[in-house]
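You will see two complexes here that share chain A, one where it goes with chain B and one where it goes with chain C.
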Partner chain A sequence: MLISQIIVHVVLLLVMPPLLLGVIGKTKALFGGRVGPPLFQAFFDLIKLFQKGSVISSTTTWVFRAGPVVGLATAILAGLFIPFGGHASPVSFSGDLILFAYLFALGRFFTASAALDTGSAFEGMGAAREVTFSCLAEPALFFGFLVLAKLSGSLSLTAMLDGPMPNSWGAAGASLVLVAASLFIVLLVENSRIPFDDPNTHLELTMIHEVMVLDHSGPALGMILYGAAMKLFVMCALLLRIVAPFDSGNIWVDWGIFAVGMLALAMVIGVVESIMARFKLTFVPTFLVAACLLSAFGIILLLR
Partner chain B sequence: MTILLIAVAILIGSGVATLVVCGNTRLTTLFGAGGILIGSVVGLMPSVASLLDGKVESFEFPWRIPGGSLHVQIDPLSAFFLIPVLALSALAAVYGSDYLRSYSSTKRIAPHWFFLSIFVASMVLVVVARNAVLFLVAWEVMSICAFFLVTFEHEKREVRVAGWIYLVATHLGAAFLLAMFLLLGRHANSLDFDLFGVAGSLSPAVCGIVFVLALIGFGAKAGFVPMHVWLPEAHPAAPSHVSALMSGVMIKIGIYGILRTMTFLGHPAQWWGPTLVAIGLTGGLLGISLALVQRDLKRALAYSSIENIGLITLALGVGLWGITSGHTIVAVLGLTGGMLHIWNHSLMKGLMFLCSGSVLHGAGSKNLERLGGLLKRMPRTGVTMVVGALAIAAVPPLNGFVSEWLIYMAMLHGGLEFTGVNRIVLLFAVGGLALIGGLALICFVRLIGITLLGEGRCDQARHAHESAGWMTAPLVILALLCVAFAVVPGILVAAISNPIHQVFGLSTDMALPSLTTLGTLNIVVWISIGAVALLLLIMQKRSKLVAGSTWGCGYIAPTPRMQYTGQSFSEFVVSRLFPRSLRPKTSVTIPQGLFPVEASLSAEYNDPLSRSIYRPFFDRWAGRLAQLRWVQQGKIHYYLLYFVVVLLLAFFWLTFRKWVLS
Partner chain C sequence: MSETLRMLTLHNGGARPVQEVPTLDWQQFRSVILNSVASGAHVAAMFGHVPDGKDCVEIFAVLADRESGQIHVAKSTISENAYPSLTIDCPQVHLFEREIAEQYELLPEGHPWLKPVRFVKSHRSNHGTSKRPLIGVTDFYRVEGEEVHEVAVGPVHAGVIEPGHFRFQCHGEQVFHLEISLGYQHRGVESKLMGGPNKRTIHYMETLSGDATVGHTTAYCQSIEALAGCKVPARAQVLRGVALELERLANHTGDLGALSGDVGFLPTASYCGRLRGDFLNMTALLCGSRLGRALVRPGGIVYDLDESRAKELLNRLETTMRDVTNAVDLLWNSSSTMSRFEETGKLSLETCEQLGIVGPAARACGLECDVRNDFPAGIFRMSHIPVSTAVTGDVFARAYVRWLEIQRSADFVREQLQALVGGTIKTTLGELAGEKIVVSLVEGWRGQICHVAMTDPRGHIARYKVVDPSFYNWMGLALAMRNQQISDFPLCNKSFNLSYCGHDL
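Up next, the complex of A and B:
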């Protein structure tokens, strides 16, 4: 793998995530008949937050500060395992899919602990919801990976998503449709999107992810926003490679296809957020079980 | 071998010495803790040597008991278990020397030290015994010492009940072991393990029976579901360093027993692997689900031990499955993962139980709903407990993740390479393992979040104090080992390759390359977290930092009682995902009317299996057997009469046996 490809990968990983938030915001504004915030609003927010002072609750300990730090660090690391477009990822070894899933678990451990560290009932509630949903999202993710591993005969994310993907659609299209649907549900839940959670809601009681980070401010809040955007980016990249495995042959054109694809996927999320209402909180586990079953059925279709 | 026997002698000698000086608390502690420390360190040397070199040394001495001989032997498999036993015992003894100080004014602590020394010595003997009689004697001594250690605070009723449940469970298990050894002994015509070894002559049916007996007998000690009920009772009742030893190493001796039995039985049968996988998955799911609802810190940890024993069993099962189906890579990964998890779990569960003892010591409670905010008051205990929780929750970059990664890899490889139904079963087991991982995360976020973070929920917790250096030093050592084990998994697996080769005839080389990568990546995770943390510190330094109070949604007088509790934290997952039988049994009186007076809520956290199966069963039989009480008259001539009757019956049977049978 060329050093230039690694640089492009890392630069895209670091720079592009906030843009997805902008695209989602614009799409929603379009549906609402508004002009909406500028496309690069998330960048402006981040720059501003990184310069701001912070208020830190006197109840908290170092765990509170570790939340944003670990959340961001794990999202960046996870991004290094996913191949973007048709390119190999910077880091890849047999079994990296497990590390990928568990890096997010590490991030969640500290985000939820940081929430409990404030001693606020709201944040404890958010933490409880977050970990509960994620514990169901994990089997769904693993079942999805299993289908991909089976199709490629490999246990590294690069090999699973890179080479055989275009051919796999011909061989096992039905399984891949199921996996894509399941991963889309996981993506929406894990990144607190409508219809499962609303990042813009204003009432603490109804929040999931946002309520956990109520007490963070300044650079720490910036890191949380950035980390969340990056998580969205990484999971979108995973899903994109499954639903649109196009290889042009030219590596630079492939990067272009990837970038455009990511923006298109962000628009799809924006559309989903615009045309759907939020589900009742208690329905979310049901949907996650459904996601597990979809992927599991995908496996069965492969094995028949 | 001689050095190991010297270590055992030191342990026994120091135990007896504590009884001699029982009047003097300081001398007792010195002899007790010092003896265990020295004995363990002495014993560690030959163990490490044997593990690394693969050397086998034995020692045999005739014993005037029918079928018995003092045959002991150290081989890589024994050494593999001796190392955690001795290392954790040494740390637990140091910890205990300070932990028991608060009891020394009200209780005699000499018997405790005596039983602790003998307990450690008997665990060593169980692992090196090569004769069934010697093994069973050491096994019984170990179980009975553990009973006396558990019932240290025997003036409390719940402690006595816990000790009783443990005693019954362990003896039911021992009965199966007795049967197993008799069966093996009958076929080998000897009770020596070396002669069991040539039992390639055993028919598959006998092998199967022996295997099942071993699963039940050793499984009762290890905490296989459904024989796990004693764990959540005995662990909270015991002093914390004893819980650490019991959970960290004693239950692993059960796994040792199963592995040792396998060396007698030759090539594993087809059904062993799937059976172990089923046992492991059940134990894992049930254990972690129940850990999630407990409000007693140590009870939750005990259930987590059931989960981890489940994971170990699952891994060994997948490994055996790989052997019988001829997929070496699956076998190597599964067995390596299982064995590595035995060591890892000794470290992290030892650490967590010692931490919980420190919490109990400093904050005066192990009830989650009374704790909180201890990280600020007890920084060393707190930080090490966070490390332990991360390790058990199996997240990178700690040691628990490494072994869980190996188990995942074994199952994924199995899922890809197996054929037919086997493949489907393993693929779905991957989902089960992922669910266990997710639930473990909830459980340990809850444990540290409610115990260490936020505000103290009662006065004692708000004024908690850090434990003394003798108690926190073992914590720090264990936490550092948890970190170190994750960084060098390659070296560790190379170190444990000898026992795996000895029992299963496989080389672990296949697992090494990717493990080295994993170890390096664990370092990368540490470095990148450090780098981002530095970034945050720099940014916060450049701008203004104000201390405020937690956002209360506009409410200006929040109290610690308004925090999320342990019960509320797990309520969502319990009410949405768990079957009714796993939920705590609650009874509520809802306030009624315009001026409600009465309202109450009570919850029972009994084990669902003991609540719905064991207790009704034992209650019924206790009632029936009570009718036989007239046998016990308490007068000596009745008992003499019983003797005579039994002797006469035996005499008649011997005389007329041939006549009756023909």
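Up next, the complex of A and C:
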């Protein structure tokens, strides 16, 4: 039984992320009165990219090639720590939430280093922006984890999110609302979504994440896109368990609830992207500080 | 007034003998320009011309006085290789002086920033080495210091757009200075026009800046018709006006969509993208070409609009305008978009006047300038379109002026089509008169289009000068970016939406 659960977890982690991008794309197209790209476009893109060759600038070093690999590897690894729905994650130990957060940091470190390695002014600018915004997003994430840890009395993601979540809403609903709001902001920032970044823009000067990967091509770019989709998937899974902690009792029905919930969350992101313009870049840090404050007040409510 | 007496006075699209243009010595020439500009005139053009068989250069100045609706022309002969620059006292001529320096090897002494404009070889074949300089290879303004960095963008860009090089001096995200270096699209149109008009001329005119086909072609036809002394039928004038306003509608709508696209506001971006196409299709209904090619020709227009198509055009205008209103209202009602537009890329009225900015960019700063109103020609003598202005001079103002103009242009087209005058659409042009000069101004969708034509004794073009609105406005974009966020550059750029090939010619 356990093995089958692990297999489902890994298969979902590997296969579902590009579908979320498709759902977001379709939602945005709907708001724009367009047909939009097919639901499975991200899969087609990945297949296409992995069949291509790569162009690598002669001024770059191994760091440039390591960036996409580390980015994808850390995303997959982080996906193994997070429980999907009410199911235990394949790997868990006390304190894994710290590793979870810093796996993403490691991936970001290599992506930013790879960007700096090209020596391009654009990519340097993008790296500076990404790193600045991430270090403001980090406290918001940790304050959120702190609330969950306090509620569950555990420092493992599985224990925090699995068992006690349905009951926690009754006990500390107000805190959880604040944490969910804060994590939603973190989710949008970390995955370079509107209103913080525009994943579809072609304007290098306005980009944050996209500009760092301009020099990557072929399979390397494929790994970056796949890694980014997976990061989105993992963070959505974290948020989904907090906002919708439903356990039906039947383990297979729970998997269904999880999958539908993820698609619904992708639609919510699509709606946000459709009805908002991007913030001015200088306004993003302000918003991230607000996210930190939301989480921090979540803790205060628990301690009263 | 005494100053203007020393110049030849013209009306928009009125030809006069070239001999009547007074030749002033440089001191008089200088004071005439400075005094006219001080009293509000706009330097519409300043260009060099080598008289037949002489080894000197005549510099012509064309000053457009918006208050009186008159155009004043004077010239000065330079036989040395240098002359004292006017730019310090009259910044409006800065780019014209650079252009003359490049084309005629005349050094404007004291010009604060003398650099090539288009990196072309000299027009004076008997002078110097006459090799075309390497494009883009020049000194750029540099800010030195810790934490100051330089960002170079282009000439090849990420989107499918024209080539141009932008160099930013930045401190973190803040832009200290932006320098724009163009010339990559230079085709040598002005020299190809010499000795014309011939079969190719009209096609050069239609493609001076492809999205302003009707504007440039109308300006050209206006000047050729004046030289030939030909009277254009009223019906042709009306339909030219309709085509010009349809061009404005299409481009302004496209711009509003592109502005929202740049800040990631998708609904307006996708709706306006489609609606721009609807306006282009209306132009196609008029002449079979979405860009208005092959419609305007010297002597009139080529395709008449029969009653059923006029009706169809009106119907389409109604439905499209209803959709545009909805799409643009979404934009104004979205607070996140407005927070991006407001206070971004501000240009002051003073800077605007000093640099001689034209079109929606100038009107967004509160400058009341509109060729259709100030120097009316054709149908605009009969039907007046109110000048649309705003006050703040930021991206929002430039977007809002576009929206006002969309509404007023639609009203104009509606009004004209409902009571279309009858008659023919074309007359025969006849021979061009010799030794004449004509200045033709048209309000294209980007702003004032200025064409100056001079003929030789045989009635052929001796000099044809084209000034696209982009030529006046590029410097405005550079100044609007000062102390802005570098991430706001694409937005500011789009709010000006200038032409590269119109500048490079």
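In this text, the second predicted complex is superposed on the first by the 303 of 304 C-alpha atoms of A that agree within 3 Å, B and C clash if a C-alpha of one lies under 4 Å from a C-alpha of the other, contacts with A are read in each partner's own complex, and residues count from 1 in each chain.
FYI, a contact is a pair of C-beta atoms (placed from the backbone, for glycine too) under 8 Å apart; a residue touches a chain by one contact, two chains touch by 3 or more.
Remember, it's a predicted structure, so these values are computed and weren't measured experimentally.
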Would you check which partner chain A:Glu210 touches, where first means chain B only, second means chain C only, and both and neither mean what they say?
neither
Please indicate which partner A:Lys28 is in contact with in the superposed arrangement: first for chain B, second for chain C, both, or neither.
second
First (chain B), second (chain C), both or neither touched by A:Leu155
first
If we overlay the two complexes on their shared chain A, which of chain B and chain C does A:Ala296 touch? Say first, second, both or neither.
first
More chain A residues touched by chain B or by chain C?
B
May I ask you to decide whether A:Ala277 touches chain B, chain C, both, or neither, giving the answer as first, second, both or neither?
second
Partner chain(s) touched by A:Ala121 [first = chain B, second = chain C, both, neither]:
both
Kindly classify A:Asp254 by the partners it touches after superposition: chain B alone (first), chain C alone (second), both, or neither?
neither
Of all the chain A residues, which ones make contact with chain B and with chain C?
121-122, 124-125, 128, 204, 282
Residues of chain B defined as touching chain A within the complex:
372-373, 375-376, 382, 386, 390, 393-397, 401, 405, 408-409, 412-413, 415-416, 423-424, 427-428, 430-432, 434-435, 437-439, 441-442, 444-445, 448-450, 452-455, 514, 517-518, 521, 524-525, 528-529, 531-533, 536, 539-540, 542-553, 558, 560, 562-564, 568-573, 576-577
Touching residues of chain C toward chain A in the complex: what are they?
149-153, 158-159, 172-173, 260, 262-267, 269-271, 274, 334, 336-337, 339-340, 344, 485-491
Using the touch definition from the top, list the residues of chain A that touch chain C in their complex.
28, 31-34, 121-122, 124-125, 128, 194-195, 198, 200-206, 273-283
List of chain A residues in touch with chain B within their complex:
50-61, 63, 65-66, 68-70, 72-74, 76-77, 91, 93-95, 98-99, 101-103, 105-106, 108-109, 112-113, 116-125, 127-129, 131-132, 134-139, 141-143, 146, 149-150, 153, 155, 204, 214-215, 218-220, 223, 282, 285, 292, 296, 299-300, 303
